[in-house]
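Should a chain be cited, it is by its letter among A, B, C, D, E and F, assigned in written order, with residues numbered from 1 in that chain.
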Amino acid sequence: MEVLMSDNIRFERGMRNLSAIDGDGGRRVVESLADIAPDFARYLVEFPFGDIYERNGLSLRDREIATIAALAALGNALPQLKVHIQAGLNVGVTRSEIVEILMQMAVYAGFPAALNGLFAAKEVFAEATSKAGAA
Amino acid sequence: MEVLMSDNIRFERGMRNLSAIDGDGGRRVVESLADIAPDFARYLVEFPFGDIYERNGLSLRDREIATIAALAALGNALPQLKVHIQAGLNVGVTRSEIVEILMQMAVYAGFPAALNGLFAAKEVFAEATSKAGAA
Amino acid sequence: MEVLMSDNIRFERGMRNLSAIDGDGGRRVVESLADIAPDFARYLVEFPFGDIYERNGLSLRDREIATIAALAALGNALPQLKVHIQAGLNVGVTRSEIVEILMQMAVYAGFPAALNGLFAAKEVFAEATSKAGAA
Amino acid sequence: MEVLMSDNIRFERGMRNLSAIDGDGGRRVVESLADIAPDFARYLVEFPFGDIYERNGLSLRDREIATIAALAALGNALPQLKVHIQAGLNVGVTRSEIVEILMQMAVYAGFPAALNGLFAAKEVFAEATSKAGAA
Amino acid sequence: MEVLMSDNIRFERGMRNLSAIDGDGGRRVVESLADIAPDFARYLVEFPFGDIYERNGLSLRDREIATIAALAALGNALPQLKVHIQAGLNVGVTRSEIVEILMQMAVYAGFPAALNGLFAAKEVFAEATSKAGAA
Amino acid sequence: MEVLMSDNIRFERGMRNLSAIDGDGGRRVVESLADIAPDFARYLVEFPFGDIYERNGLSLRDREIATIAALAALGNALPQLKVHIQAGLNVGVTRSEIVEILMQMAVYAGFPAALNGLFAAKEVFAEATSKAGAA
């Protein structure tokens, strides 16, 4: 892929946002693409994180509320939902707020979508707790 | 349908929340169910608005951010998306924040979902403007 | 398309089932395909109606309950949902049973899916009533 | 969560219906929510099972036919599909009827949805058989 | 939105690709965003058309086959499906090939998805014919 | 299930196509249905592979491009997506073309759908490589 000068700028600010928001989870996703679709890893960093999450006009906290709700409602992207539940915690959405968001999805996407979202949150919270304990 | 005492309490607080959040849009939905499924109108008021939206722990503003994101991502509930774009405006989500939320859905549900959400917002904003003009 | 002998048998029994179940609605769908995809009209008659609906082991009434539920839950096939709400009436699912099925979809696919299903039923019932009146 | 008097009534009849319909599967779901979202366990019992499944106007057998069809068509709630395949058996839908419902989903949601539903049924039936053998 | 130098390059090649592929349809979409989300119009041109459709390794014809199939299978983005059916014609997918793709979706997303895709193609083909007649 | 004469012809050509396209993957699916829904194994062979994939008017290569795109976009049929990524390789879609198709799905179904499709491709490619090594 031809790399334009400012793509490096978009990539760099994307990586900065990705680290700030998703932490290890995001970095692992990018690394896991290295041997199958390295260009896609670049697009993933550049567009969502270098363009969208870089924008003013909506706080990172509000952006993660929207992402957690959307991924839970769609119900077919569990790994990404877990990454963004952790991302929500990273940018200041509390555990109880995440649980409220997931519970609310029962209204718009049905009880199974809410249940599967809550079980994903349960795993992410447990992992976060054990990490904190290990620290 | 047997009506339990406290169902009346749940219904009353649900109607109060429904009016505060969705305004006319919500009331029209309830009325439109009167001749086909009056019990469902009651459940719609009681569970989503009497139980979920009554809960503390997440602001109404955050709840509408989650709902707008979820309905735009699902992409198969346009009338409800419009009601909740107006609801977002009613509870303090700004037009530009709603546009940011819908744009972000391109990342998680694809560009068509974001486009159709933005066109829905365009209609709701135009209607809100003309009402304001008429006032 | 090469037409095999027994495809004619499958097509004939499919048309017989299609007429019995979906009535005019089904026939109109088949006719509307004539100038864009006549082979697909044949497949539509042969596989769903000539193979599946021909099977013993589940009553037509139960089959329509399943189809109405599935189409309402998917929420992206409104014309087909209307055809099958009428089909349900044709094979003995009552109006109030159809309303119960659609209400129940709020639990599994969310309130918007149930609402849009109920509004579709409202239209189909009104049309059925006016036809009955005209008769 | 403030608990209204009649919520206890709704909860009790919901638990009764949940046990009658989903048996252990349903109880396990409620228990698994205890440490992440106990209020949601309560809503799950109260609204779907205390309100919807309590209603007259559609038999439990017909309700499970609708639920199995909807969850198989959506294709993104496999754990819940398994619970309701068992629930169907519990309320009198036969194995061969469940297979017919899942096969029919190929028409409305595609062959992959039907296949994944049938493989889920295969697991549930095997488990039910081994339990019966153990009894 | 801060505009980086090479974003102009990405935008220009994106507009060139958009015109070549989607013709008027694509341009109309971009214009329709001007007053609601101009930045999104820019992203739509830059990422899908400036980055993805600019890539070597898959022909435009193959890319449109993939897009038509995906949008028909999703079944919740009809306006975009129509734009890409026309786009397919623009880059050398024949009418009968488009019909084959849409028919095939019956296998993977169900007959309603295929039907609604075929009816969309019928409209697009009729419009293309009348334009050709007018020319 | 009554078996019509020409159903045998459809079944035979379907099995021939299934073997040519999906190889072992397809055969394993058919075998896995033997004890739960043997009639469905027959329909799966007859309609998708005996009718649709038998048709002229679209190359097998183009058909697999459409199927890979559709299954990746739907995002809820991972086992079938893997079977068809292998099928694509079998009928001449290259690894890099498959990666391009999956990357493009980020535009139409979101980045999570593309990511999960790419990770599925990674597994299929690794398995194909190890088989080749074993040969």
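The rule is simple: a residue touches a chain if its C-beta (ideal position, glycine included) is under 8 Å from a C-beta of that chain, and two chains touch if they have at least 3 such contacts.
Please read these numbers as outputs of a predicted model, since none were measured by experiment.
Engineer: Counting hops between chains that touch, how far apart are chain B and chain E?
Structural biologist: When the steps are counted carefully, the minimum from chain B to chain E is 1.
Engineer: What's the overlap between the neighbours of chain C and those of chain D?
Structural biologist: A, B, E, F
Engineer: Comparing each of A-C, C-D or D-F with B-E, which pair has over half of its contact pairs in common by residue number?
Structural biologist: D-F
Engineer: Looking at CA centres, what chain is most distant from chain A?
Structural biologist: Max centre-to-centre separation from chain A belongs to C.
Engineer: Looking at chain A with chain C, do both copies bring the same residues to the contact (over half shared) or different ones?
Structural biologist: The interface is built from the same residue numbers on each side, given that over half of them are used by both copies.
Engineer: Please identify which chain has its centre, taken as the mean of its CA atoms, farthest from the centre of chain E.
Structural biologist: Using the mean of the C-alpha atoms as each chain's centre, the farthest one from chain E is D.
Engineer: Counting only Cα atoms for the centres, state how far chain A is from chain B in Å.
Structural biologist: The computed centroid separation for chain A versus chain B comes out at 25 Å.
Engineer: For chain B versus chain C, what separation do you get between their C-alpha means, in angstrom?
Structural biologist: Going by mean C-alpha positions, chain B sits 31 Å from chain C.
Engineer: Between chain B and chain F, what's the gap in Å when you average each chain's C-alpha atoms?
Structural biologist: Chain centroid spacing, chain B to chain F, equals 40 Å.
Engineer: Would you give the residues of chain D that are in contact with at least 2 other chains, written as numbers and ranges?
Structural biologist: 39, 43, 47-48, 52, 55, 71, 73-77, 80, 99, 103, 106-113
Engineer: Edges wherever two chains touch, nodes for the chains themselves; is that graph a line, a ring, a star, complete, or other here?
Structural biologist: Shape = complete; every chain linked to every other.
Engineer: Which of the residues in chain D end up touching chain A in this complex?
Structural biologist: For chain D paired with chain A, touching residues are 29, 32-33, 35-37, 39-40, 43-44, 48, 71, 74-77, 79-80.
Engineer: So in the complex, the part of chain B that touches chain D is made up of which residues?
Structural biologist: Contacts found on chain B: 1, 4-7, 9-10, 39, 43, 47, 51-52, 55.
Engineer: Residue numbers of chain E touching chain C in their complex, please.
Structural biologist: 74-76, 99, 102-103, 106, 110-116, 118-119, 121-122, 125
Engineer: In the complex formed with chain A, which residues of chain C make contact?
Structural biologist: 73, 106-113
Engineer: Which of the residues in chain F come into contact with chain E in the complex?
Structural biologist: Within the complex, chain F touches chain E at residues 47-48, 52, 55, 57-58, 62-63, 65-74, 77, 80, 96-97, 99-101, 103-109.
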